[in-house]
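Think of it as A, B, C and D in the order they're written, each chain with its own count starting at 1.
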Amino acid sequence: MIRLACDYQEGCHPKILEKLIATNLESTVGYGFDPYCESAKAKIRQACQAPNAEVFFLVGGTQTNSTVIRSILRPCEGVIAVTSGHINGHEAGAIEFGGHKVLTLPAHDGKMSAEDLERFIKLTFADASFEHGVIPAMVYISQSTETGSVYSLAELTAISEVAHRHDMPLFIDGARLGYGLASEGCDVTLADIARLADVFYIGGTKVGALLGEAVVFTNTAYTKHFFTIQKQSGAVLAKGRVIGIQFDVLFTDDLYMQISRHAVAMAMKLKEALKAKGYQFYSESPSNQQFVIVDNEKLKELEKSVQVSHWCAVDDSRTAIRLCTSWATTEETIDQVIEML
Amino acid sequence: MIRLACDYQEGCHPKILEKLIATNLESTVGYGFDPYCESAKAKIRQACQAPNAEVFFLVGGTQTNSTVIRSILRPCEGVIAVTSGHINGHEAGAIEFGGHKVLTLPAHDGKMSAEDLERFIKLTFADASFEHGVIPAMVYISQSTETGSVYSLAELTAISEVAHRHDMPLFIDGARLGYGLASEGCDVTLADIARLADVFYIGGTKVGALLGEAVVFTNTAYTKHFFTIQKQSGAVLAKGRVIGIQFDVLFTDDLYMQISRHAVAMAMKLKEALKAKGYQFYSESPSNQQFVIVDNEKLKELEKSVQVSHWCAVDDSRTAIRLCTSWATTEETIDQVIEML
Amino acid sequence: MIRLACDYQEGCHPKILEKLIATNLESTVGYGFDPYCESAKAKIRQACQAPNAEVFFLVGGTQTNSTVIRSILRPCEGVIAVTSGHINGHEAGAIEFGGHKVLTLPAHDGKMSAEDLERFIKLTFADASFEHGVIPAMVYISQSTETGSVYSLAELTAISEVAHRHDMPLFIDGARLGYGLASEGCDVTLADIARLADVFYIGGTKVGALLGEAVVFTNTAYTKHFFTIQKQSGAVLAKGRVIGIQFDVLFTDDLYMQISRHAVAMAMKLKEALKAKGYQFYSESPSNQQFVIVDNEKLKELEKSVQVSHWCAVDDSRTAIRLCTSWATTEETIDQVIEML
Amino acid sequence: MIRLACDYQEGCHPKILEKLIATNLESTVGYGFDPYCESAKAKIRQACQAPNAEVFFLVGGTQTNSTVIRSILRPCEGVIAVTSGHINGHEAGAIEFGGHKVLTLPAHDGKMSAEDLERFIKLTFADASFEHGVIPAMVYISQSTETGSVYSLAELTAISEVAHRHDMPLFIDGARLGYGLASEGCDVTLADIARLADVFYIGGTKVGALLGEAVVFTNTAYTKHFFTIQKQSGAVLAKGRVIGIQFDVLFTDDLYMQISRHAVAMAMKLKEALKAKGYQFYSESPSNQQFVIVDNEKLKELEKSVQVSHWCAVDDSRTAIRLCTSWATTEETIDQVIEML
């Protein structure tokens, strides 16, 4: 069975396993204060060109989003996101569990527009009775987005400016940051992300690791007690090094971006081949998630051999499906899928 | 440096690494619905002699305690624990973050007494105004406890009976369950735990795994929406198989108990040797945690080579330290430490 | 200054004051267990034709909504409401503070449609991965709504049927229940509300009382520990009789409905007069809230003498304003406002 | 039936009723922005000699404690209180519902000792792993306390100094502030309270009002978004003036202290008479709560005519009961009770 339904269906990059094996019986302190975590943090700071950033390792995306957001917001404050944002629809209410409302803007190709953001904030505070409602206090976006789209440097800069003009931190969900930065035509670097966001995370789970996300606070005004909040959220690993080792490997010799580029290359190959075959796409994605429109009968046949994500019904006879490539996707797999479609 | 400060300072049992390597590039579905998780669950059910139990995999102890407790309690209900219980002092307020008060009883050698429990519940509900206070609604104990002690079958049975007589579920924190069941003189089996508790967990992080705890609900009245609550708590691993594979290995050929017995054997060797040398113990532990009283000068010297946990000052010149053995502790290490002390 | 901005700008109905005076120095037990609360509850049960209902007194609307909702929902469960629902936009995140997401449907003239509700629930549970998202578990509507509209008996019955078919309780926010039931053309009675909802509340604050809302659980499966949850929410009055006395008066000799009818009569008078003068309305309301479109210049002049609510800008030169009548609105006031407009 | 079980068993001081009547049909803005609230705030600021203080009106004690505490603490931070503190045992988990742990110190005659506080804070932060536990971040005491005792100026000053030395705000629960300040031998003034606390509240419910507590933030660094947090907590009254009017009356012509002194005088009369009769007291209280030890048979007889609070069993044949005086207690009542005992 070929599985392209999502980008976390295999284990981890072999180099990570090698390092886990090599270090397995070493004895280190727990909770992320070991030398591997320290080394990984140093490499991440360097890759971000953010020497003063503080880095924390968490386990997964939902956990990271909810922990970061609740560490920053006070009661009655909310986080602004687009309706298709991961925190709005895919986290079972994790943000609300922390006591905070997600304030939604319309998504344009999965992205927030700086104009919408500006208008929303202005309108909110222009209302004489705004103090009777949730106070917008943080901006959340994803790079790449939940629908595969990627913010340009100009777009990110504009959003960052609006957020900061209104004294709100910008939080970038980077569950698929590698695939976003490696996407076709992307003019954004990791250093740009670090410069424009107050806090963001570098996704490991979907980009080569067994598990783990690296949260980077470039605005260290927000890190007070973060470790304890992380602990309270059940988001501290006793054997913290399990994540440190993985990020240490991923940030050695540019491995993180290298495997990200591979995933995107596989996605582009798939996209071009399907376009050549006449397939229509539900959205135009330059990154590792491709949304193809398939006849339902064709789909039924395909699913005998390939696991895909059903995105939505396009009409009675066609479905938009999601095909994800990852660091683990082989060219053979892509060739096979192209042939089947 | 020798590290005996805690029982999560190495990686994982080599057989787990082997299986992670062997399965690494296989493609499976996510979130714990893969064949390895299924296999692990089946083996756990069998080991527990609980064919109808539902098993869920979570990442760590604090996360497991807070997720299980909040999945069961309603608002205004609290969980009863001893003052030294992990949820009371070591989880940074994770239970309270979920909205629930920890109602404390005195600890007797780290354990709850069934008499105290009965008296507390009766007194609470005998008070005409009990509805103005937190409603006790769940009993939490740890096996083995935070101070290394172990409940006997009679003690567990008595607590279970009191809890159930008052319609409260019994939750057993098994972060160190293997070391508890393998402890010297223990007359409790995994099947006993499964029979007496409504829900408990089998600790992986401290007993051979890189990470992971297996929650077992033998009382399936409490599992409604548990997966979603787990997700909301940031406690679902996208690559769920990472935990499934580990428990599958740990519950093959009795590995879990075998490595637990090894850890206890190492602890007993250490204990006897130190007793022979005239050392006093802060508490009498039959399991993998040993609490030795050491002169402060001796301690300073010891710490040049051995990392230990400072438990508490006994007096001005002596300190109680914790030495933990684990599945990874070698006989050589124990011999070295005995010689140094 | 005339104030029609909202329906809570005066004190209380004089008969309530009289009873507060008459009973002032009597000594009674606290927390709502006094004879006045008992009497009020009995009268409410009778008015609702719900002899087995359980009645609780709370202080205000936001408090009531959040306390009722969190007493019913489990973690990861959400409440379905229309976007204009009070709990969605006007409660500063009170529902989210309790840990729950508000799941929104479009509002049709301020109302939820049973068809939308059915479709939303079906679509949610048809999604194979619905367990990764918030579980819809409760339906919330307001009668009358936030925009003055009123559900017909057929509409309410349809919504109640959909909710119950999917095992969800229906909660009706009755902050303006009197004005809704007394609205022009309304075919719904208090007994219908009691029969169709699982829990609802009879608003006092906006309908003649100084403060206070009477929560009626006709489905008593949901009342376990409600008093304690109320206390935990800071929603129990030590001098509980302050609310009991008020509802006792309001439910004596049909006072509640009588003053509600008065408010609606005043609103209808205003509406007809303004229609006759050629005014357009932002929405067609048969109840005590009227939404009139006014030229901005006219509005500026009006506001020298009358406090109104700005609802929204209709275009560059016109604004929709809200004018609320209440039990306290006099015919003279209405005549004056008509003349000014 | 005479009722001395608590201090909220009558309505309100007649002057308050008079003012409610006089203002009843006036139309004012809602939510506490009316002239009566403004006037009350000004008088409170003056009485506190705190011209820059910010004053907010809430409804009851539990609500006030939980709203203030959660407005100040961040996630993972806890509030320090004595075990007998109201927030620890009498609020059904309201603080925990807000996500915060109550960290307890032993009570000495119901009071916190500055030495205990200093030791607790120092010990907590001296522990190398304090970041794994709840971070103490606020100090909570009550004046007068739950057991009728009263802090001296020296005691309050010492606690305030310890709290501030460790950068923690001091919050004084003044549900019975009047009775505390008017207590026999008390050397503390309202201005002292305002000077030593960062935030405190002046209890209305127990001291002459129908309901209502006035929160005074002398440290205005903590008031950001307080109104919205109050709203989110369901702690804003639509007809805010209902509380404003009451405090306006209570702070006119020293009424608040005058009625407080009356209540204490009644308590002292009761105490002296019972002492003269040979009664023993469970604690030595100089304020409006008296804890008398009574033979169980005598108690049974007494309760035919007088409602009292059962505090605790002293031994098999005797019970400590609480008798509370209030602004409403008459000398006749006290004489009757003395005679009966």
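Quick note on the criterion: a contact is a pair of C-beta atoms (placed from the backbone, for glycine too) under 8 Å apart; a residue touches a chain by one contact, two chains touch by 3 or more.
These numbers come from a predicted model, not from an experiment.
A.B. asks: When contacts are scored as defined above, which chain pair ends up with more C-beta pairs, B-C or C-D?
C.D. replies: If we tally the contacting C-beta pairs, C-D comes out ahead.
A.B. asks: Compute the centre of every chain as the mean of its C-alpha atoms, then state which one is farthest from the centre of chain B.
C.D. replies: Of all the other chains, the one whose centre lies farthest from chain B is C.
A.B. asks: I'd like the Å distance between the centres of chain C and chain D, where a centre is the mean of that chain's Cα atoms.
C.D. replies: 33
A.B. asks: Let me have the rounded angstrom distance from the C-alpha centre of chain B over to the C-alpha centre of chain C, please.
C.D. replies: So the centre of chain B lies 49 Å away from the centre of chain C.
A.B. asks: Among the residues of chain C, pick out those that touch two or more other chains and give their numbers.
C.D. replies: Each of 75-76, 91-93, 97, 99, 131-135, 228-229, 231-232 in chain C touches at least two other chains.
A.B. asks: Contact residues on chain D for chain A in the complex?
C.D. replies: 31, 70-71, 74-77, 98-99, 131-135, 224-225, 227-229, 231-232
A.B. asks: List the residues on chain C that touch chain A in their complex, please.
C.D. replies: 75-76, 78, 89-93, 95-97, 99-102, 128, 131-135, 310
A.B. asks: Can you name the residues of chain C that touch chain D in the complex?
C.D. replies: Listed in rising order, the residues of chain C that touch chain D are 1-3, 5-6, 8-12, 14, 17, 20-21, 23-30, 59-64, 66-67, 91-94, 97, 205-206, 210-211, 228-229, 231-239, 241-242, 307, 328.
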